[in-house]
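Remarks on the structure that follows.
Should a chain be cited, it is by its letter among A, B, C and D, assigned in written order, with residues numbered from 1 in that chain.
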């Protein structure tokens, strides 16, 4: 697992957009991943909540990592859908993605995105589901 | 229409995240909208293409504006799905959203997102479809 | 709860298409529902598996019932997405839907559809997520 | 093209579920397909409209055929999303699917489903978008 953690961290840190958003890859599991971002002015929409684009980034990227970990290597999100269920008012956003089903080349994953307030209370603000496709030979296969 | 154009521009310019991305609301129609963003280092993923999160922002926001224009006022994207169909290698991204169906409170819209290369050639890089919901009394209704 | 169970059963039994498919509403919970159908020749596609349309019916209808139960009355599926993850080879299909988030008028639900073989072993064959909207005053509200 | 038309018709007629619904493959193009079904009692939901499951069958199957024709052989729908935009009250349902983007193994397609009334007036009742994946060597490639 430590190889995969290292692999995931290396990919995440080489994503300029993730760095630009200020996102962090908090945790990776065998077929799951958690990505978070602190709210700040730059990430808001016109009513002061997190912009849907920030939430969809968290969905997209957490799905990619959960699926990539399940598939054992570099991967990309081929498609996803997202339902926004409540405004993201909190001071932090957390996306927790897990794998519903995985084959050799493709995984179907779910991500639940939470808004966290000052007291640490989490509120579900979006739910996403999508397809992740393997794009490379994997460290598992390769070594 | 000029009232709606002004209304749309005012909302767009009050979105900190759109400004942060460097996006522009190029054009609005009666039930359509075009949003674009110049590529730059900050918007890339690990392979140098536009990050999926940038493309999903363009999808989300162009859908919101197309639907809001069809509904005649402030609106939000309740949900959408996006298919990524080719890597966004170009120097610019353009999202063109239009309304497939519209009622009094809700519209279903489509957005096609193109990557534009140095020569101005456009390549479809993603297609999105989603639901936009009215959130406020409209300028049309209000005056 | 027994009022809601009765209400759900009454709606289900008044759906000619559910009867035509041979589907049954096995179980309802506070915000969940299980619908199943025995496989038979009529429900197959060209390779002998359950047709995607049968599986999408189970997804759609189980989402509607889970959401309707969460919302407390008659409801409809406004939209959903479905990922098919393995061919449905079994002798029975079971869709289990639950509610991820619910407001007063709208719920976001998930349905997992399983294929069950002769030994009773379940295999996930599809996952769906969608929006359910209330369409009527509810028994809870109404009496 | 006539080979592909024949190939499509042969697959369609070997789908027991399509026959059970009473659906017909009206027309196929290079990367498009039209499937229709006459309304009848068996296809209704509790309010007398076409059941969402019938409409999602038409979406699913028309997407498969449009994508299969674009890919040049047998194919399956890997995933799709559908928005229901108005109740299907008419006497006939028509699904028109076309291909938005196609590679060698995979196509992204859209289907618009219309309800047709006694006078032949069509009303959009649903819009779908999904991914179709090639499952076999094609007549084009193979023989």
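Definition applied: a residue touches a chain if its C-beta (ideal position, glycine included) is under 8 Å from a C-beta of that chain, and two chains touch if they have at least 3 such contacts.
Predicted, not measured: the structure shown is a model, and the values here were computed from it.
> Of the pairs A-C and C-D, which shows more C-beta pairs in contact?
Higher contact count goes to C-D.
> With centres defined as the mean of C-alpha atoms, identify the chain lying farthest from subunit C.
B
> Could you state the distance in Å from the CA-based centre of subunit C to that of subunit D?
The separation of the two C-alpha centroids amounts to 22 Å.
> Provide the C-alpha centroid distance between subunit A and subunit C, rounded to the nearest whole angstrom.
28
> Do you know which subunit D residues sit against two or more other chains?
Within subunit D, the residues that touch at least two other chains are 78-79, 81, 83, 108, 131.
> Where on subunit B does subunit D make contact in their complex?
81, 83, 85-86, 100-101, 103, 108, 110, 112, 124, 127, 129-131
> Using the touch rule from the top, collect the residues of subunit A that touch subunit B in their complex.
11, 14-21, 41-46, 51-54, 56-61, 64, 76-84
> Within their complex, state which residues of subunit C touch subunit B.
Touch residues, subunit C against subunit B: 78-79, 81, 108, 131.
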